Each structure stands twice: as structure tokens, then as C-alpha cells.
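Labels for the chains are A, B, C, D, E and F, by order of writing; each one numbers its residues from 1.
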Amino acid sequence: MRILVMNCNTTQPMTEMIATSARRVARQGTEVLGVQPAWGPASAEGFYDSFITAAAVLDRLTTYPDPFDAVVMAGYGEHGREGARQLLDVPVVDITEAASQVACLVSHRFGVVTTTGGSVASILDSLAVSGMSGRCTGVLAADVPVLETADGRPEDLSTIVEQSRALIAAGADAIVLGCAGFTGLDEELQGVLAVPVIDGVTAAVALCEVLVGLGKTTSSAGPFRSPDPSGAFVGWPISGAATVGRSA
Amino acid sequence: MRILVMNCNTTQPMTEMIATSARRVARQGTEVLGVQPAWGPASAEGFYDSFITAAAVLDRLTTYPDPFDAVVMAGYGEHGREGARQLLDVPVVDITEAASQVACLVSHRFGVVTTTGGSVASILDSLAVSGMSGRCTGVLAADVPVLETADGRPEDLSTIVEQSRALIAAGADAIVLGCAGFTGLDEELQGVLAVPVIDGVTAAVALCEVLVGLGKTTSSAGPFRSPDPSGAFVGWPISGAATVGRSA
Amino acid sequence: MRILVMNCNTTQPMTEMIATSARRVARQGTEVLGVQPAWGPASAEGFYDSFITAAAVLDRLTTYPDPFDAVVMAGYGEHGREGARQLLDVPVVDITEAASQVACLVSHRFGVVTTTGGSVASILDSLAVSGMSGRCTGVLAADVPVLETADGRPEDLSTIVEQSRALIAAGADAIVLGCAGFTGLDEELQGVLAVPVIDGVTAAVALCEVLVGLGKTTSSAGPFRSPDPSGAFVGWPISGAATVGRSA
Amino acid sequence: MRILVMNCNTTQPMTEMIATSARRVARQGTEVLGVQPAWGPASAEGFYDSFITAAAVLDRLTTYPDPFDAVVMAGYGEHGREGARQLLDVPVVDITEAASQVACLVSHRFGVVTTTGGSVASILDSLAVSGMSGRCTGVLAADVPVLETADGRPEDLSTIVEQSRALIAAGADAIVLGCAGFTGLDEELQGVLAVPVIDGVTAAVALCEVLVGLGKTTSSAGPFRSPDPSGAFVGWPISGAATVGRSA
Amino acid sequence: MRILVMNCNTTQPMTEMIATSARRVARQGTEVLGVQPAWGPASAEGFYDSFITAAAVLDRLTTYPDPFDAVVMAGYGEHGREGARQLLDVPVVDITEAASQVACLVSHRFGVVTTTGGSVASILDSLAVSGMSGRCTGVLAADVPVLETADGRPEDLSTIVEQSRALIAAGADAIVLGCAGFTGLDEELQGVLAVPVIDGVTAAVALCEVLVGLGKTTSSAGPFRSPDPSGAFVGWPISGAATVGRSA
Amino acid sequence: MRILVMNCNTTQPMTEMIATSARRVARQGTEVLGVQPAWGPASAEGFYDSFITAAAVLDRLTTYPDPFDAVVMAGYGEHGREGARQLLDVPVVDITEAASQVACLVSHRFGVVTTTGGSVASILDSLAVSGMSGRCTGVLAADVPVLETADGRPEDLSTIVEQSRALIAAGADAIVLGCAGFTGLDEELQGVLAVPVIDGVTAAVALCEVLVGLGKTTSSAGPFRSPDPSGAFVGWPISGAATVGRSA
């Protein structure tokens, strides 16, 4: 099985870090392909970056040359998930929904700690649209810039711990890491916080393996039906690939 | 006052039609600038098109050469609104939210009639995120392809009438036209249906005039804060303009 | 265009202040008629006053001698809006709903600052019924008696500022002035708070102009159908006018 | 114990019918006082009537000469409940909330059958504000004019039965009679429908007895605090009584 | 009338205390039968205990030898209510729902004070399922072990008072006692807190009397239909009684 | 890895069928242990059966002699999940939540087809408590008795197909099989319906493998904290095992 793990921003070290995390949990026989958009923000924070990122990710998916069996969209709270589900006939799991689902299986209510305050509203909207906000006690920012996480981890976990504790005090009994750049921190934080800490990247890889294993993929009978292949596009895809439509 | 009315797809006759509607209701002294993205789908239907459109619209806004005082985003249910609000320091009104607001002022519950079934889920999500779904009785598709509307109006209004009547039977006492391509049909349909019929394009133009008149624009204190001008972008904007950031 | 701006309490200086605000934003050609009920509370705070006010306002609307094109109901959170919509065939906009709508166009979430704690529950219910509470972070009282505002403005804005800041800390990026008596304070507070501050009186005037401009008025096909003219009333209207039913 | 049973319209035979129902279930030692407003609609249907009725009921409560221990507000979906709770220091139970509560105790979901379509929206809003709509499957009108019920019962129950069956098919396993004029029909309809049928008038009488028996009355610590006795009113109460404020 | 008051845990002194409270408010002619399960936890706190308790209570109801007219389920937030409604053809009122209903009749919003933090989530879910959470401002634990209440009352009410005040500060204008073991404390706490304090045990007894008085019992037409008497059970009821099915 | 797959009723052939399905999707190295309660209903349908089942399942888990790494609770809509999470320190996944989660990953909205009408309300409540109902279009019964499914599959799938199509017409683009007894039908139905059909048993097995693989288990910091080992129980566990508390 080949899982395309899509870093949603254009920072190559972040792609490496995310792929490394993905490989750490992937089963034997699962190949992880780390990839990033050809254009777009170096660090996606908030609505504007998120919309650009969505298109850049869809562009990259459209032009990706090799076959794959599932996609992880590794931008927390990022838009575009529904577009990718429509574009591809393999399963698409984004880390926002994946982390929420795993958190729901091991807790009564979960809280989300993200990087910067500018992402909070976008994350809240994303949780609401995916129907996962009912069991979320809140989203707090640790004021850690995303790119500071690109070398593997933020130097200082103290604000993440502090905001996690605020969410636990408000009723959360699990914490979701609200940024792909926080990947790999779950075990250390779990030790400190004494609640399950969920890393969306690893959760999404595992859920991709579930969907492929069960033989389930996105429904083509409703709003995720493939876009009309005869639909005219002006100048799209941006990256110059010849084919438009489902690539895999 | 100059209002940029952004057709969200790349079909020029549609831009003309929308601009004509906008000019019909604009006050004396308001100049309407019709514009469309440089790239993207010829007709935006459903999630995938909508995400591409969002980026294409933001690209066009980033590179638009002349000053303007407000923006109408004329794609019903289309994504990108929050990104444009973040990008610009002038008011941004999309026709989905505008039509809902006007409908709420003249009815107890409204229904939405859109073009094709593939857009319904995207519209439902858009209404939910903008907080307007609480007073919406439903969204139904009239099975009218968007592009068939580009020459001014669909030839046959019968399915629009039929779906409107289904929504009225379900408790709606106003109808919202759920496609920019339906602009200009409100009065004729109002005569047939005997309930207020709201055209989002004209509603959004009027609400832009309200915001400019009251001296109100998007808050820069929360999630719509302008993107960091020092934020690195790879290959963005697509269209090649030199400046990134607020254009107006 | 003639807009009847209805102060919901019986204090004449408050009527003047509200009308002055309304005139400040009215377009050229719009005439503002300030009016108040013939009976009822001098200051409407909370449920009981609000119900009395609703009937007094409907009584005044029933007996108002001259024609008008739209009505602003200038009592924040006051009841009666739906009754006026049923009574009249011109548009009716109350300042609670108007301020919420304008706030939604320029922010992600808004907070409301009102006068006294006794009004908070009534306002929360009003926002819920109009479907606008989904994007409201909370309603706080500044402990400013309504009548202290009647001479144009409260002497001391410090508690309004303090409660606004509490709402902003809780996620609001716009503030709504939750009392007609706060009209005219929006620009000064906006300077202090650095977020959009919305004055419902001016918002409602502008939305009345929108509805009249678009040729839209309350639906007569649903619950806002005019009351049966043959319906027997005992001793109503209170104020002794001969006609019962739609006056305009 | 003396319970004031307030018919919300001005039709005397309706008052008698309601009082008769109330007396049928009142415990030994409970005296039922039937009363009606001094002014207002002969039949309250929809928002406009409801707002007039609310003030007329509050006027009547303000001027009622004798002491009482609890009030039943016998208008289904009628406004004014919160005002009466603020005005009086004895318990106030309206038939809308009472019938919903009893229905919740004997069913999983309940449906409401009311008189005319013009009342449906007002009832939906009333249920929502009292927090009871979560377990309501819907409100349907049987197209029975309220006044036709004033002589004791509508001649023909067939439309009530038909609409009840539609609600049961939609998941209701109890029916609430959504009009004070339907009082007394519960047992006959229960026989036909084979589900519990709840009469709000008798339910509200019983709940008043509960509150008096438990020594509980409306909280005076929050929004139902008594209106300020020094608050100036112009021309209120309408009916000319000398006292303003709590009468009992 | 005979009301079976079911203490949900197996602690006999708690049963006595609950029955004493029930008798204090029962009308003349109502006989209160205190009873407890034959097996299960000595003190029910949280989900696990609650599920055991539910079955133990249903077992006790199945095997109870004498006839009764209604059942009070005296475990706050405990599961099993819907099962008992299905099992019996007499009314079943649990103290969670009863206290919420009475609180709604005398306040705008209520708060719940329970014993230990381990019960809070279970109570929140119980309120949600019964549709009563819309008017609840929160559930707080006073850190009073249930069994400490079994001799009539906790020695120290100070934490209950403190948590009640926190809920009042958050908008509650009534307090619900969230544990059967708190029964009898309502009047003393009401004196201290100056808001209505609701004791679910007495509320449920009174509501049982209402249902019996009105001749209403659980609907047998929907999900509370009696279990199929021919349904095979292995080893059930646990307590060895011969009959399975409705006992009363 | 050893997964305990708990059939929630006492019918041995059903246990076999469920275990067979579980084994079909279990990864190499995963051992599936089929088990059933020692007492309780032969077929669990509706609230009453569900509460008995919950305790019987917890009893069986308490007394199960061998170690295991995760538990699948294979009763659709059955209660008890939260109790098992509290009891055990290994992950617990019930098929209701598992099927919903997988459905959310491959569709915009899902519908549920269950066996008999008596289970619908219980399932709706279960979905609501787990926060998954926001994306569910409805639950319909195919009128197939559970036990008829025990030999592997119902003879006639036509009513399942019919109800699935009704849900798809209402907006669902995936179908969840709402009964453990329907396990194994997903692929055949998927062929007929042309939408993803989710089998909760296989979904839950796969999610158990995810949780074990990621090293995540139920939080012990909140409401799922283990019951106090010193807590006194009378006569529990029913089945006579010596140990009370976490078994694995």
C-alpha cells in the first residue's frame, strides 16, 4: 500500500518531518510518500493561507505522477479535504478529522492546542463542518510559529503544556495536537499531561490503512462525485500537467 | 464608491450578466466593476470547483490593479470569503450570506433553490459556517446547469418554480436564488410564487453600500487580520503580480 | 423614502437622540420620522418592560397618521418585531437583528454590551429566535442605566470598554452596542477598542434603505400574513384610533 | 390554594370552558379562578395577536383585585410568560411549557397539533425559547379556527386525528394539544390514537399545584427580578388600576 | 396511590433518607414505598456504576412483589430510565429530569451541583438525552462523597454553596441538587443562596402524582413499547423471580 | 494482538458469525476472541434489552479469564460503552461509533438501516451521545428480526435495500449497517446501492488495531477513570468471579 502524505505548505523540512512520523507508525508493507505543493505559503496559518493551500494541494494531487492508494492531508484545520475527496477515487483522510476521531475513541471530550491564534477560527470552522466539534472543549493557541516546528519540534514545550492544562481544567480528558508541525510530540506530552495526546499525522496514516484494508473509499454517489471531466478550465492545473480529473 | 463584483468562474458572459444586475440596483455614484478570475473552472459546481475558485478569486484580488471600496463575491456557496476578508481592508460580502440576511429580514424561514445537486452539500456547509442555516428550511436543486444561465437566464423556469414550491410547502416563506447565474430572475419568480425572492447579487451590492456608508470594514483584530507580509510564498500569486498583501 | 424610527420607550429625549443618529447615516432623500409609543415604560429593561413595549409599539404603529416606507424598531432585544412585520406591508428592521447582521459581515464572532443585567436574558432569547446567536460570543452588561443615556451618551464609557474587552478576550472581533441609548458611541469606542463597533440604530436605517431599494418587504405568505381584518378586538387599539390593520 | 387560570383572549365562553377543564383536574382544596383580559383579540392566532395578548394579560394580572397562589397562562404558544414571571411572586406556568414537560415524561418524542397555520411559527419559537423543542417532532395545524372551539369542542375531530397520525408516523409517540380551545379532548383522542394525548390546561394546573406544594416560585435573583417599582410608566396599566408591580 | 421510590444504590440508610424526603411532600393518600436494588454498587458514581445500577434497578422492578402506581428513580444522572419506562405500564419519573423540569418553571437557566467529579460527564449526557441541557448553565462537583450523605446530610455545606455561587455567577438563577443524597437540603440552601434550590426526589414524587392524577402513563406506541414477552432471556432476572415483563 | 469481540446478546451462533466477520478483516497477527455475556437477552432490541445487555457485558468483561489488548462491543446502539471504557485499561470500540466514524471518512452524510423499529430511538440517542448524529440523515428499520440474522444473513435483503434507498434519497451518500447481525452484508449491498456500505463489526476491529498500533487507550484522567477498587458492591459481579476491577 502506498500512502501519499501531503504536507500542506511548501517547506521541505516540514515534509520530511511529517513523512518520518508517518513512517514510524505505518505497517509493514505500507510505503509513505512525502510530498508538498509546488506553490503556496511556506507556513499555512489562518483562512487566507488555508484557501491558497487547498488549491495548491489539489493542484499537486492532480499532477502527481505515480499511483497511490490513499492520501493523508497533513494540514491541521486546512481547507480542501472535500475537494480532494471529489478529485480522487482513493480514500482521503485529513489530520483534523483523524485526530478528532481517535480522540473520541479514548476520551469523553478533547481539547486542541494549535500554533498561533490566527488559526483558531479556521480550526473551529473545520471541526464544525466535519461534525466533530460536539465533543471538543476548545481550541487554544500555544503561540508557537509553525516554522519553528520544522526542524522536528519546538524548543520549548511549556506553552503547549500550559494550554493543554487549561483545556483539561475545562473538561477535556484528551489533547489533540493542532498542527502537523507538532507531530512526534505526543508521547512526550502524554507523559507530562497524563492524558492521551493525539498526533493527527499518525492517526490519519492509520485510518488510511483502515479504509484501504476494509476496501472503502469516498462515495461517488453524492457531493463527492468526480468533477465533470468535460468541464472547461481556464489555465488549470497551474503546474502544467496535461490531465485534469482523477489521477489515481 | 467603486464596488468590485467578482464573478467566481471564468465565463465572461456570466461576468457581464452579474455586473448588469449589480448596476441595476447600485445607487447613483456607485461604480460597478465586473471582474472574473484569470484561471479556474468555467462553471463552479461543488466542492472541488469551489476550492479552485477560492484561490483563483484571491489571486485576482491580489493582482487587481485599480483601487476599490468593497467586494461582492458572486459565487453562491463558494468558498474563499474568509480569505478575501483577511486579504483586503475593504468590506467583502458574498452573495450566500447577503441573500440569507435579506431573506431573514422579510421572512420567518427561507429556502434555497440552486442549479445542480452537486452544489447542495457545499451550500449547506457554507450556510452553516456563516451561521445562517438556523432559519433555512432546505436547499434544493433545479437541475439547471450553471452555464445555461450565462446568457441572461435559463430558458425554462419551471423546475425553479417547482422546487421553490416544495420549499414553501416545507415552511419557507421566502426563496433565495442559490446561483449567481439566476440573478435578475427574482421579480418574475416573485410574481409567480407570491413570496419574496432574493437575488444574492443585488443583495450583496446593497450591503456593500451599507458597510461603506456606515464606515465599517472587516475587523483586523481577530482571524481576519492581514496575512503576515513577510510570510514567504512559493510561486504565489499565480498570475504574476509583484505585490502580495492588501491591494486596496 | 420615509423611515419611521420607533423609540421603544416613552422618553422623548431618547427619541430625539435616536432620530439624530438615524439622520446622520440616512441617504439624501431619506426622511427620518422619530416617534415613540403613547404609553408604556419610560425605560425598557428586561422581559416585562419588553412585552409592554411590544404592544405599545404596535398600538403606535396602528394609529400613526402618516404614510411611511419602512420601520426601524429601536429597542435592543425588545419583543414585538414579528408582530410589526405582520401588521405592516412595509419592511420592519429591529436594531437587534440589524446590528447582528452587520457585525457578521465584518467579523468572525461578535459580542454584545448592553446596559443592565436585567436585559441580558431577554437579549439572548431575541438573538436565538432571530437565528443570530450562533456567531455571538456573549452578552455582558455595563451597568449603565438606560435613562442615563438619554441626554446623548453616558458620562463614563469605562465599563462599556471593560466589558467589550472581556468579550474580545473570549473570541469576539467585533462589538455590538446592545442599547438604543448607546447610539452614536460606535466611532469613539472603535477608536479605543480597535475592532468594529456596531450601532444598531444606524445599521437598521441602512438596512431599511436596502430593503426599500431592492423592492423587498415582509412575506405575506407565511406567519407574517396580515391579521384577519374581520378579527374582533375588545378595546384595541388602546390609543383610540379608528382603524385596525395595516396602516401603511 | 387559588389558581388564576388566564384565558389569553377576550372570549368569555372560552374562559368558561378552560376553567371547567381546570376544575376537572384540580385537587380538593384548589380553587380555580377563570379570568380573561379586559382588552385584546377575541381569538389569538399568530405573532401579532400574541404580542397584544401578552400585554393585555399582564395588564389584567396587574389589576386583578384578589389574592391568588399561582397562575396558569392558557394560551398555547402565546408570549408573555417571562413578563408574568417577573411581575408576580407566585408561580407562573404556561400551557405550552406544561404540556411539553408532561409529554416528555411519557414519551420519547412528542408532536403538536394546533388550530391554524398562522400559529405554527409562533409556537415553534415559543418551544425553542423554553428549551423544549429538542424532543418535538413537529407542529401541524388542523385548520380548526380557535373560536369554533369556544363552545366546548370542535364538531369534527377528523383533521386533528389526521395531523396527529402524520406526527406519529414522523416519530412522535405522544401528541400535545396545541390550543387552549382543544382542552377536554385528550381522552377521546387518546382512545382513537393509542398514544398519550396531553392537554396543556390540565397539565399546567397540576404543575402549579406541584410548585405551590413544593414551596417553589420564580427566582427573583436573575432576569425575573421584579420590575423596579420606581420605574416610570406613561399610561400604564391601561385598565386604570392604581397599583403597578406585584399584585399577589 | 402507591409510589415506589427506588434508591439506585444498595445502601439501606440512603433508601430511608430518600423515602423520608418523599413522604415529606407526598399528598395525603399517597403511600411511599422505599426500595433499593438487591445487588450493585453501594454508591453509584459515574458511568460504570450507573450501568450496573440500571440493570439492578430493572431487576428489582421486575421482581417487586406488590402493585404500585408510579416509580421514582432516585439516582441523579443514572441510566435506566428508558428501560423502566418500557418495562412498566405505570409512569416512571427520574430525579434528573424531574428536577430540571421544575427548575425550568421557576428560572431562566439552572445549574447543577453534584457530589464528585466522576459523575459530571454522566450527568451531562443524561441531561442531553432528556433534552433538558439547553437551559443548564453547567454541572459542578462539590467533592462530597455520596455515602457521606447517607446519614441525612453532609456535615459541611460550604462546597455546595461555593459551587452554587459559581453557577449563579455564570448565569444560573436556580440550583438543582445533583444527587439523591442531597435530598432535604433545598430549603436550607435556598435561604443561603437566595435562588430556588430544587430537590429532585421531592420534584419526582410530585410529578408522579401529576401523571397519575391526569391519567397519563408512558406511551406504548413507540420505543417504550413493552419488551416482547416471548423474548428469550438467559439467566434473567438475576434475582430469581418467576415473571419477566411488566410487573404492575 | 488479541481483540475480544463481544457479542452483546446471548445467542451463540450470532457470536460465531460476528467473530467470523472480525477474523475476515483482522490483520495477520491479530487474534479474535469471540465471546458473549453469560446472561441477558437472546436478542437485544430497544432500551430495556440494551440496559440489561450493558450490565451483562460488563459482568462478562469483569470475569473474562484471559488477557486481551482491545475490546469490540458488537451491539449496534447498545449502551455500556462508557462503562467498559472505565472498567478496562485497554481500548474499547463499539460498532455504533466505529461505523459512524468510517462512514464520515468516505461520505458527506450517512444513513443507518437497523433491524426493528424498537431500536431506532435507542440508536438515535447513542449517536447523539457519541457526537456522531450531526452527519447522520436518519435511522430506518428494515423490519428484520435480529435473530433471523443469526445464521449468517437475513434471507431477504429487499427491505434493507429499500430503506437504504430512502436514506440516500434524503441526502445520505453512505449507508451504515445498524445491527451486528447484518455483518458481512456490506459488499453485496454496496454492489446494489452504489454507495459505501459500512459494517460496524469490521470497522471496530480495524479501529482497535489502530488504537493498539498507536499506543493509545482510554483516558484515565476524566470520567473514564477506573472505578474505586475499594467501592463496595453487593452481589456483583453476578457471574461469581472473585475479582472486581480492571481485568486486563
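The working rule: a contact is a pair of C-beta atoms (placed from the backbone, for glycine too) under 8 Å apart; a residue touches a chain by one contact, two chains touch by 3 or more.
Just so you know, these numbers come straight off a predicted model, no measurement behind them.
*Asks:* Among the chain pairs E-F, B-C or A-F, which one reproduces the interface of C-D, with more than half of its contact pairs identical by residue number?
*Replies:* Residue-number overlap above half with C-D among E-F, B-C or A-F: E-F.
*Asks:* With chain centres set to the mean of the C-alpha atoms, which chain is at the far end from chain A?
*Replies:* Max centre-to-centre separation from chain A belongs to D.
*Asks:* Between chain A and chain C, what is the separation of their C-alpha centroids in Å?
*Replies:* Once rounded, the distance between the two centres reads 44 Å.
*Asks:* Centre to centre, by mean C-alpha position, how many angstrom separate chain D and chain E?
*Replies:* Centre-to-centre distance between chain D and chain E: 28 Å.
*Asks:* Provide the list of chain D residues touching at least two other chains, using ranges where the numbers run on.
*Replies:* Chain D, residues with two or more chain partners: 82, 108-109, 120-121, 171, 222-224.
*Asks:* Note which residues of chain E are touching chain D in the complex, please.
*Replies:* Listed in rising order, the residues of chain E that touch chain D are 25, 27, 82, 91, 93, 97, 101-102, 104-109, 130-132, 134-135, 168, 171-174, 187, 194-196, 198, 202-203, 206-207, 209-211, 213-224.
*Asks:* Residue numbers of chain A touching chain B in their complex, please.
*Replies:* Per the touch definition, chain A meets chain B at residues 10, 37-43, 45-52, 54-56, 58, 79-80, 82-83, 85-87, 118, 120-122, 125, 128-129, 222-225, 227-228, 231-236, 238.
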